[in-house]
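Below you'll find a set of structures to go through.
First chain A sits with chain B, and in the next complex the same chain sits with chain C.
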Partner chain A sequence: MADLKDLFTAVVEMQEDTAMELTNKYLDEGVPALDIFNCYQEALEEIGKRFEKQLYFIPELIMSGEMMKAASEILKPHLSEETSASGGQKKLGKVLMATVQGDIHDIGKNIASMMLDLNGLEVKDIGVDVPAETIIAEAQAFGADVIGLSGLLTLAFDPMKAVVDKLEEQGLRDKIKVLIGGGQMDEQVCNYVGADAYVTDAVVGVNYIKGWLS
Partner chain B sequence: MFEGFDKLTSIERQDAFLDMWVSADGIEFAGEEAKAAYKERAGLVASALKIDQGIKRVPIMPLTTFAPTMLAGVSGRDAMYDPDKAGQAYVDFCNKYQPDTAGAAPMLGCGQALDTLDYHLYKWPGHGVAENLSYQFNEKEYMKAEEYDHLINDPTDFWLRSWIPKTMGALAPLADLQPVYGSMELPMLSPWLISLGTPPVQEAMQALLKAGKQYFEWINAMGAYMAQIMAAGFPFGAGGATKAPFDTLSDSFRGTTSLMMDMYRRPEKVLEAVERLVPPMIKNGVDGAVANGNPLVFIPLHKGADGFMSDEQFQKFYWPTLKEVMYGLADAGCVPCCFVEGAYNQRLEYLADTSDIRSMYLFDRTDMAKAREVLGGKVCIAGGFPISLILTGTPEQVKEATKKLIDDAAGDKGYMLSIGCAMDEAKDATMQAFIEAGKHYGKY
Partner chain C sequence: MIIIGEKINGTRKKVSAAIRERDAQFIKDLAQSQVEAGSNYLDVNAGTSPEREPEDMAWLVNTIQEATEAPLCLDSANPAALKAGLELVNKTPIINSVSGEKPRIENVLPLALEHKTGLILLALDDQVGIADTAAERMEIVHRLVGLAKDGGLAEEQLFVDPLVTAISTGTDNALVTYDSIAQTRAAYPKAHITCGLSNISFGMPLRSLINQTFMAMCIQVGLDSAIIDPNDRNLMSVLLASEMLMGKDKYCQNFSRAYRSGRIGPKND
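And now, the complex of A and B:
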């Protein structure tokens, strides 16, 4: 693999324009697209580490997601279908993400979905205000290992509980883990809902899920 | 405000405004007992804000949005479309639970006017969310990156001709209005007036006038219940409201994702924009407080919380202009009351900066013992009670948690008991337990 140190640094240091210039330059110079793609992956891993150390926060996650998206657009035509679809790595497991019925907030869910994706999980995000029945049907069709339920408002507590109750009714509870996330989540709510864990922070959520799937 | 006001320091002005509020002059009470109760309650709040060591009890200030109407069995839709039902529910809430401050019922808004305006900034019961629920913010990129200069050069023009047309469908034609500047001279007057005369703009103006009339009628109906609340001895927990400039830019204009990227892509524009928003944010808070004769200005804080940005970013982009707004409010005699949503465990030291004015920080998920450790005796602190216990706990759990919270947070006598969340809903038994425990354990 070519030494792409300057590209790695540009991505990690949020130098968006430099990263794009270097990506184009290396492609023009004949560096394999996969090498460039892997460099981005490594940079994102470093960004994730900095996030865990509380050196980086949401702006950096959003910026890195944008840089990755822009790079993928350029690199995709040069990568084989197989490598681009899987990012060259085997996915750790499948997570279905949704904001529960009644709640239309999506920022937290979107950030969590992005973080999970960057951490090697296969994510299906089915949007906001999703009824429990739809969440369960989609999770089954997708073959989800984990359901991630998001909700910012207190009105999300009961719809979250409805998902867990229905999973139990349908005999699926022991096959699928349930993680709830949002500003008002705590242990009290987690017990009420019957979820496996609660989070108020995307990285903690990623760690729970990786722990469950390892 | 009154003669000699301009000669006072900020803190003297704040105390003078607080004293005026506590004096309850001009309010028609149901009787002497109600008047005494009002003065006692407002007095407790003022004492906590002043960290007055003579205070007798922790004041109890529940933040409510739809909780009173939900408890009364009034749907979210009825709460927004029927001011009599909403107003009565707020009256009943005060009479039943006897809090020290009443919630601001007008925050519920007037559904009919939102229909007229084809309002996009929120979804509300029957318009994007189910009729039994509360309204919710509908965040989008309502301001494009290339519009920074418009906002910076002329915020009002930006508001009227760019942002309002995008957030209120019926007012979309206002985007085609010409700016007012030509009115400086007769020969240059025509473009502005001609643009006002076009059929789409005329129609938009009609919609705006109609929405204004609907809001006016709605507040007249609601006002009768607010007067009843005060007459029964309950002061309102807020006189005005405003926002941190960064939050206005992030929540309402650019959207969270876009603004987070702007901090990297165009940091100078972000800094100029938040600075430009300081005077309007001060004015918005002061105008409400003065109109209502209540110095408390509510400021919900969003994107500066732990986890949203780094300390360095908070220091550069968020805190300086929030602080300017707080000091601007104090200069006008108002008391900035920040509702600190999320957690501020890593930001507490900054908040101590405002110890030279009266200010209050009502916390959501911040560690209250830590908040007291850093801020106790310097500024008034409040909140910290989890809404989850009100909604899913037992009265016994609530009682115990209330006692523990008061033990943790109230020792410096500058604490107000509150749930750390604006309540869209509540449960009767736990609400009752919360207030009773607060009054029992909150005695100094």
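And now, the complex of A and C:
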């Protein structure tokens, strides 16, 4: 897939139209859809690196998400043909995402959900202001490997702790990792809540979760 | 312009430590420097857990009032903490805030009505969260202003916050705020309009540049209050210049006075 370099560059440099043209062109030329899809994933990884270096910011993350979504729509029919032939492409793992009870902020959670999805994880986002009981019931029904809890306010600390405590009570704690995210999160909060890790940005969160599941 | 100084907020690390360690001098300095820089109100947010918050709020209110006479803006969703603050205030405060969420309407609004305080009204509710359109936000604003007025508050006691969402997550997000400000101004000429401006620049570089430019544009469509850091010299310069350019500064005296006293413009140390 060395020839897809121009597609990689177009995605990384946020050239939406060029990326779409190239995606269609390569498909027409018979390049496997999976190769094209992988090229997008590599481009997304590079975009994540640039985000960490503060060369790119949230708009680039969102825009690359949109590009990926548009490309997936084009590639999907081809992908399912190819993967059903080759045994199917497995998702890395399942992540249940929620903003905890008492907090209705959703920007951070939505960006994190999108980034996880784009990085090959199966994500279920159950929204904002979700009580601990619901989070755990949904996580079990979904078969989640990781629960991602979001909260912007300091008021979110106790509801986050409630989720971890209830997981313990129900004997589920060692089966499900808990990641907390939000602007107010730090080491101290993470210890108080009893989470496995805390993050203040989406890209770092993706790295943690991929690390746990690999 | 009614400036609400934002710095006494327990979600900031240094303030949180000062509250925990009862470092009164730190809080007093923070209060005084914000008043000297031009704050009309001081926001007070303990930001601690619900059990501790009433006690922390009471300590903060007492400590601040030992240092300055400025009225306070009691910032909490916790009725017990608000009550603790309301019992101690020397001057009529603002309560921050009531939204369309049920617990706020049931537990916070009655406190504002009983004590006849100023009141910040947030244009969000538990049905839609933060609405994407000005029309939806206005529905909530109309409902909340109606409730406050029916309860006996005058329009000029109300501070409508039309809400600001990050420009990094939506190209039109600032436009929704301008529209909501303009519509609120038209519907309630005597009400104040305030907002937490810095949300606009979340996720972007050069945040202060974005905040300053955004504030000027909001002032043009009717913003007359802001919850800001009054010690941010550049932000205050833009604030005073914007008010002046909107015809709200007779003979440019607020601007000139701030310049002469060295609060804006190049710093001579």
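Simple rule for what comes next: the second predicted complex is superposed on the first by the 188 of 214 C-alpha atoms of A that agree within 3 Å, B and C clash if a C-alpha of one lies under 4 Å from a C-alpha of the other, contacts with A are read in each partner's own complex, and residues count from 1 in each chain.
The definition used in the following text is that a contact is a pair of C-beta atoms (placed from the backbone, for glycine too) under 8 Å apart; a residue touches a chain by one contact, two chains touch by 3 or more.
No experiment lies behind these values; they were computed from the predicted model shown.
Chain B and chain C, once both complexes are superposed via chain A, clash. Which of chain B and chain C touches more residues of chain A is settled by the count: it is B.
When the two structures are aligned on the shared chain, A:16 is found in touch with chain B, with no touch to chain C.
Working note: chain B versus chain C after chain A overlay, options 23-31, 185-193, 257-265 or 365-373, clashing stretch identified as 257-265. On chain A, the patch touched by chain B and the patch touched by chain C overlap at residues 54, 57-59, 62, 104, 107, 129, 153-155, 157, 184. Contacts from chain A toward chain B in the complex involve residues 14, 16, 54-59, 62-63, 66, 102-105, 107, 110, 129, 153-155, 157, 183-186, 188-189, 191-192, 200-201.
The touching residues of chain B, counted against chain A in their complex, run 123, 128-130, 133-134, 136-139, 256-257, 260-261, 263-265, 307-310, 313, 341-343, 364-365, 386-389, 391-393, 421, 423-425.
Chain A makes touch with chain C in their complex at residues 54, 57-59, 62, 104, 106-107, 111, 128-129, 153-155, 157-158, 184.
Taken together, the chain C residues at the contact with chain A in this complex read 10-11, 47-50, 77, 101, 124, 126, 129-130, 165-166, 168-169, 202-205.
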